[in-house]
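Presented sequentially are two complexes of chain A, the first with chain B as partner and the second with chain C.
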Partner chain A sequence: MSISADSIAKVLTQPTSGEHARQRVNWTMRIIVGVAAILAILPLIALILFVVLKAAPYLVPSFFFNNPLDTEPGILNAIVGSLQLTGLTVLISGPIGIAGGVYLSEFASPRVVAVGETVIDVMLGVPSIVAGVFAYLILVPVLGFSGWAAVAALSILTVPIMMRSTQEVLRLVPQAIREASLALGVPVWKTALFVSVRTALPGILTGVILAFSRALGETAPLLMTARGTNAENWLDFSTTMNAMPIVIYQYAAAASDLLIGQAWATALILMVIALTINVLVRGRTVNSRTA
Partner chain B sequence: MAGLELRRTSGLSADSLFRRITGTGLLVLFIVLIGLVVAFVGYSNPLWTIQSPIDFLTSSTWSAGTIDENGQVANALYGALGAIFGTVATSLIAVLFAAPIGIFAAIFLVEFAPPRLAAPLTFIVELIAAIPSVVFGLWAAGDLSNRLRDTIEWWIASSFGHFIPFLSEDPESPAADSVFRAGFLLAIMILPMVVAVSREFIRSVPISLREGYIGMGATKWEVIRDVILPTARIGLIGGILLALGRAIGETVAVTMVIGNAEGIPSSLFQPGQTVASKIASNIGEASGEIAIGAIAALGLSLFLLTTVISLVVRVLVRRFAVRGGRV
Partner chain C sequence: MATEKRSTNSSPAGAKDELAQAAARPAAQATSRAAASETDAGRLVLENVSARYGAFRAVKDVTLAVRPKSVTALIGPSGCGKSTLIRTINRMHETLPGATVSGSISLDGVDLYSSNVDPVRARRVVGMVFQKPNPFPTMSISENVSSGLRLTGGTSKSEIEGIVEDSLRRAALWDEVKEKLKQPGTSLSGGQQQRLCIARTIAVKPRVVLMDEPCSALDPVATLKIEELIRDLAAEYTIVIVTHNMQQASRVSDETAFFSMDDDRAGYLVETGPTAEMFTNPKQALTEGYIQGRFG
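After this line comes the complex of A and B, so read on.
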C-alpha cells in the first residue's frame, strides 16, 4: 500500500477524539474569559446605578448653595473646601512634581535616575492614611487642624504621581529633536523647557489633571487634618475646612435618613466630577500608560 | 541625558541654575521620604519603652491601661495582632477574587475582544479606578454588603462553615459587618489595577512566540496557557503584588464596612478591623506619647509593608524587562 499525499492530508485534517476535547476546552475557556470581562465591569454599572437612584431625591438645586446648618441643608462649604484644598495641592505639588520629572528625564545621571525612580515607586505605594498620619504627627501639633496640613498630606500623594507621568511623557520625546535644538546653539535649559517640555506639555497636563482627580477623592488624610466644619471657609487655610469626602464619610455613619441621603447626593456629585475628568482626559489617550 | 556633558562653564550659568531648580523637585521627594521614615520611627519610639515590638506583633489586646497617682501610664498593652489578622485576611480575600477575574478579563481584552469592543471595555474598567474610595465605602455600606451577606457569604457559610474554621456563621442572625465583605469590596477596588497591569504584560508577549505555537496547531487557549501566561508570569505576579499593596493601605472604604471590632474575629463573617482602619478609628482618641506611639507604630508597619511590596515589584518588573529583551 502506497502512501499518497491525499491520504496524509486526510489523516491530518480529520478530527480525532483528542482534537474534539481540545476544541471543547478552547471554547469553554473563551466563555470563561468573556464572563470574567463582564464581571469586571459589572461593579461599575451597579455602583453608578445605585448611587444615582439613592441620590436623586436629595439632589435639589438648593443643595449646591446652602451650608449644612441652613434650614434647607446643602454642601456649599464642602464643594468650596474640596476645590480649594485640591486646587492649592496641585498648585504646590505640580511645580515640584514636574520639576523632578524634568530633572530625571533631562539631566540626571543613570545612577540618580535609578535611585529617583525607586523613590517614586516607594512614594506611589504609600497608602493615603500614612500620609495623613504623617501630617497629623508633624503638622497638626504646630498648625492645628487646618487646610495647610491637609494640603501637605495631599501633596505627599500627588507629587510622585506627577513626577512619574512627567518623566514618562518626556521619555517619549524623540532625542533627535533635542539634538537638533542643541546643534543650533540653543542652551540646554531652553532646549529642555521650550523643546522637550513644550512637546510633552499635553501629557504633562494630563498627569496634573489626574493627580487633581485623585486628590479630590482622598478621604483618610483629610479626616486627620482639615477635619471638616459646618462653616463656610474661603481661603483661610489656617483653620478647619470642609470637603466632600469628609461629608460623605461622616453623614454615612449618621442615624438620620436625611443625612444619609445627603451623603448619597454628595457621593454622586463627587463621582460625576471624578468620572467627567477621567473621561475627558483619558478619552483622548485610552492607551496612555501614565497614571 | 541630553548632552549636558557638552558644557562645563564656571559659575552659576542659566543652565546649571535650571538644573538645580528642577533637581530641587526630586530632592523634595527624597526629603519627604526620609521625613516619613524619621517621623514614624521617632514617634513610635516611646511605645517601645513600655513594651517590645514582639508584644506589638503577637498580642491582640489593645488597651490604653490606667493612669496611676504619679501620672504614669500603667498596664497599657498595645497589641496589633487583631488588626494584622484583618489586614492579611481582607487583602488575601481581595486578591483571591481579583487575581483570576482580573487576569482572565485582561486575556479577553487582549486576545479575544474585537478592537471595537476592547477599547471601550478597557476604558470602562479603568474608570472604576477613578471612583473615590469613600464612594465605594458608601455603596458597600448601603447596598453591596447586605447583598453579599445574603448570597456569597451565606452560601460559603452554609456549605463549608460547619467543617472549615473561620467560615462559620449563624444563618439566623448574620453579623451587620464582616471581614469577608470588606475583603470582597477591596477585590472590586483593586480589580482595575490587576486588569491594567496584566493587560500591559500580556500585550508585551512577542507576536512571534504566539505565531510559532499556532503554527504547530495549538488552539487559542493552548497558546494562552502554554505561551502567554508563562511568558508574562512575572509581570502578572508583579501586578497582583501591586494590587495587594493597594488593598493593604485602603482605609476609608474598609472602615465603613468591616465593623471595627477589637481582637481576632471568630470567623471571617464576623466584624473585625485592619491596621489602616484601626488607625482611622483610634487616632482621634489617642493622647499622650505612648498612645500616639502606638498609632505611629501601626503607621510604620503599613509603611514598611507597602515599601517592601513596591521594591519587590520593581525588582520583578526589571527582571521581566531583561528577560523580555532576550526573548
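After this line comes the complex of A and C, so read on.
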C-alpha cells in the first residue's frame, strides 16, 4: 500500500483533533515537575543561606584557635577532636573494610559472597544511634566515656561503607586483567594485591574518603561515647574528647547568643569540609573516567 | 601419526628429568629455567582430556600430541570447545567456579595435573596470549613486560632490564616503543598491545605459548604482523593457537587439529595432521565440509 505525496504532506502539516490537547498536557506536566524541582532545591538553598549568614559574624580567628573556656571562646578542641576521632576511625576501619572487600571480590566463593553482601547491606542500614547505644551500653562501662569508645562506634558505621565500595570497584576490574596475571604464573594473592587492587586503587581510596566524610558528621554515637569536653585533648583516646557535631548539638540549645552563633559557625565548617570532599571525589572520578 | 614421525625430540635423557624438576620443584630458579629452554623441549601430549563447566561437558576425550617448537592450530566451529581445551593446558580452566578437567596433559613427560605440580608453576612454563589484548592498565610498557618476573620474584633488577629489551625485540615491538618505555601500556594501538602481551608472556621464559584467537580483535595489518611474529616464535616455543580464521591457520601453522561438536554440544577432536594435508586432502568428510565453508 503506498501513500501519495499529497497525503504525506497532509499527515505532516495538518493538525489533528487531539493535538492541541496533547500540547496542553505537555505544558502542564512541564510546569508541575518544574515547580517540584524548585520546591526540592529551595530548602537546600535556604539552609545554605541561613548557615552562611548566621555563621559569618562568628568566623573570627579566636573561634578557630581558642578553646571553649578561653576569654574569647573558640572550638579549637572540637576541630582537633573531630579530626583525631575520624582520622583514627579511618586508620582502624580502613584496613579492615578494604581487606574485607578484597576478600569478597577476589577470594570468596559465590555463596560466601551472597551471605557477605547481605550482611553488609544490613550493616549499612544500621542507624547511627544503634551503633551509639551499642558502644554506650557495652563499651563505655569498660572503657569509660572515651575516644576509644567513639572510634569503635564510628568504625561500626564506616567498615561496611569501605567494604562495599572496595568490593564494587574491584568488580569493575576486567577479569581479563586477572587472567593475564594468573597466566603469567603469578600466585592468586599477588594477583589480587598487585594487579586487581592496584588497578582499583583510585576507587578504593574514594571509598575511604567518603567514609571519612560520613564519620566526620556523625553525631549520635559521639554524644554517647566521646561525650564532649572543654579541654583540648591531643591523642588521649582513653578520656572524653570534643567533636564538632557535639558542639553543634550542645551550643544550639544553649541560652547564649554567642554559643548559638558558634553552633552555626561550626555547622558551616562541617558543611564546607563535606562539600570540599564531595567535590574532590567527584573530580577524581571524572578524571579517572576521561583518562 | 605424523607428529610421531616428525618429532625432533633429540634432547638428552637428562633434559626430561631437569624439566620434571623445574615444574615440580618449589623454587625453580630463573637461570635453570633459561638453561632448560635451550634444549629441544616443549613436547605437549594430551590424553583423553575432558573439560567440564559444572555438569556440562565442553570438551570430550581429546587425545593430541603437539610437536615441540612448531605451531599447532586448533580450528572448528564456534562453541566446539577449542578455547576451553587450550585453557586446560595452562590450568586456567580450573580457575572458573565449577570447572573441572579430567585426563592427562603432559609436557616433556611431566603430567601438568599431577599432585606435585602447582598450577602456578605450570602457568610459568605454559604461557598464554588472550583474545583481546589485556595489558595491565596501571603499568608502563616496560613494567608490563617485566610484570611476570617482578610478581613471581627470583630475578634481579639488572637482569630484568635486559629481559625487557630482549622480550620486546622478540615480540617485534622494540623499535616502536624503545623511546617510550615509561608510557602506559594501554597507550599503544591494539596490535601493539597484543605484541606487548606476547612480550610479557615470553619474558617469563615459558616452553609453550598458548594463543586464544590472538588476532580476532585486530585489523588485517596488525594481524599480519602478529602472524609473522608467531612464525618467528615457533623457532623457540611450542605454540598452540586457536583461530576462527582458516586462512590464518593455513598461514601460520605446521599442524592443524579440527574440532567439532557432538549432539550433546561436547567438543571433540575430529582429526589432526600436517596443515597442508588437512587443507588439501583431509581424511574426514566433516573436516572437508568445514574447510570448504559448507558449515561452521
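What we mean here is this: the second predicted complex is superposed on the first by the 271 of 291 C-alpha atoms of A that agree within 3 Å, B and C clash if a C-alpha of one lies under 4 Å from a C-alpha of the other, contacts with A are read in each partner's own complex, and residues count from 1 in each chain.
Here is the rule we go by: a residue touches a chain if its C-beta (ideal position, glycine included) is under 8 Å from a C-beta of that chain, and two chains touch if they have at least 3 such contacts.
Because the structure is predicted, anything quoted here is derived from the model rather than measured.
Legend: residue contacts after superposition of the two complexes on their common chain; A:194 is shown touching chain C, with no touch to chain B.
For chain A, the partner touching the most residues, choosing from chain B and chain C, is B. Shared-chain residue A:36: touches chain B; no touch with chain C. Contacts of A:182 after superposition: both chain B and chain C are touched. By the touch criterion defined above, A:172 reaches neither chain B nor chain C. Contact with neither chain B nor chain C is seen for A:91 once the two complexes are overlaid on the shared chain. Within the superposed three-chain model, A:254 lies out of touch with both chain B and chain C [touch as defined at top]. In the superposition on chain A, A:102 contacts chain B only, with no contact to chain C. Within the superposed three-chain model, A:9 lies out of touch with both chain B and chain C [touch as defined at top].
Overlap of the chain B and chain C contact sets on chain A: residues 179, 182, 187-188, 191. Of all residues in chain C, those touching chain A in their complex are 90, 92, 95, 97, 120-125, 127-128, 130, 132, 134-138, 147-148, 151-152, 197, 200-201, 204.
Residues 22-23, 25-26, 29-30, 32-34, 36-37, 39-41, 43-44, 46-47, 50-51, 54, 95-108, 112, 116-130, 133-134, 136-138, 156, 159-160, 163, 175, 178-179, 182, 187-189, 191-193, 196, 213, 216-220, 223-224, 245, 248-249, 252-253, 260, 263-264, 267, 270-271, 274-275, 277-279, 282-283, 286, 289 of chain A are the ones touching chain B in the complex. Only residues 1-4, 6-7, 14-15, 17-19, 21-26, 28-30, 32-33, 35-36, 39-40, 43, 100-102, 104-105, 107-109, 111-113, 119, 121-128, 130-139, 141-144, 188, 191-192, 195, 200, 219-222, 224, 242, 245, 248-252, 256, 276, 279-280, 283, 292, 295-296, 299, 302-303, 306-307, 309-311, 313-314 of chain B touch chain A when the two sit together in their complex. Touching chain C in their complex are the following residues of chain A: 109-110, 174, 176-177, 179-188, 190-191, 194-195, 198-199, 201.
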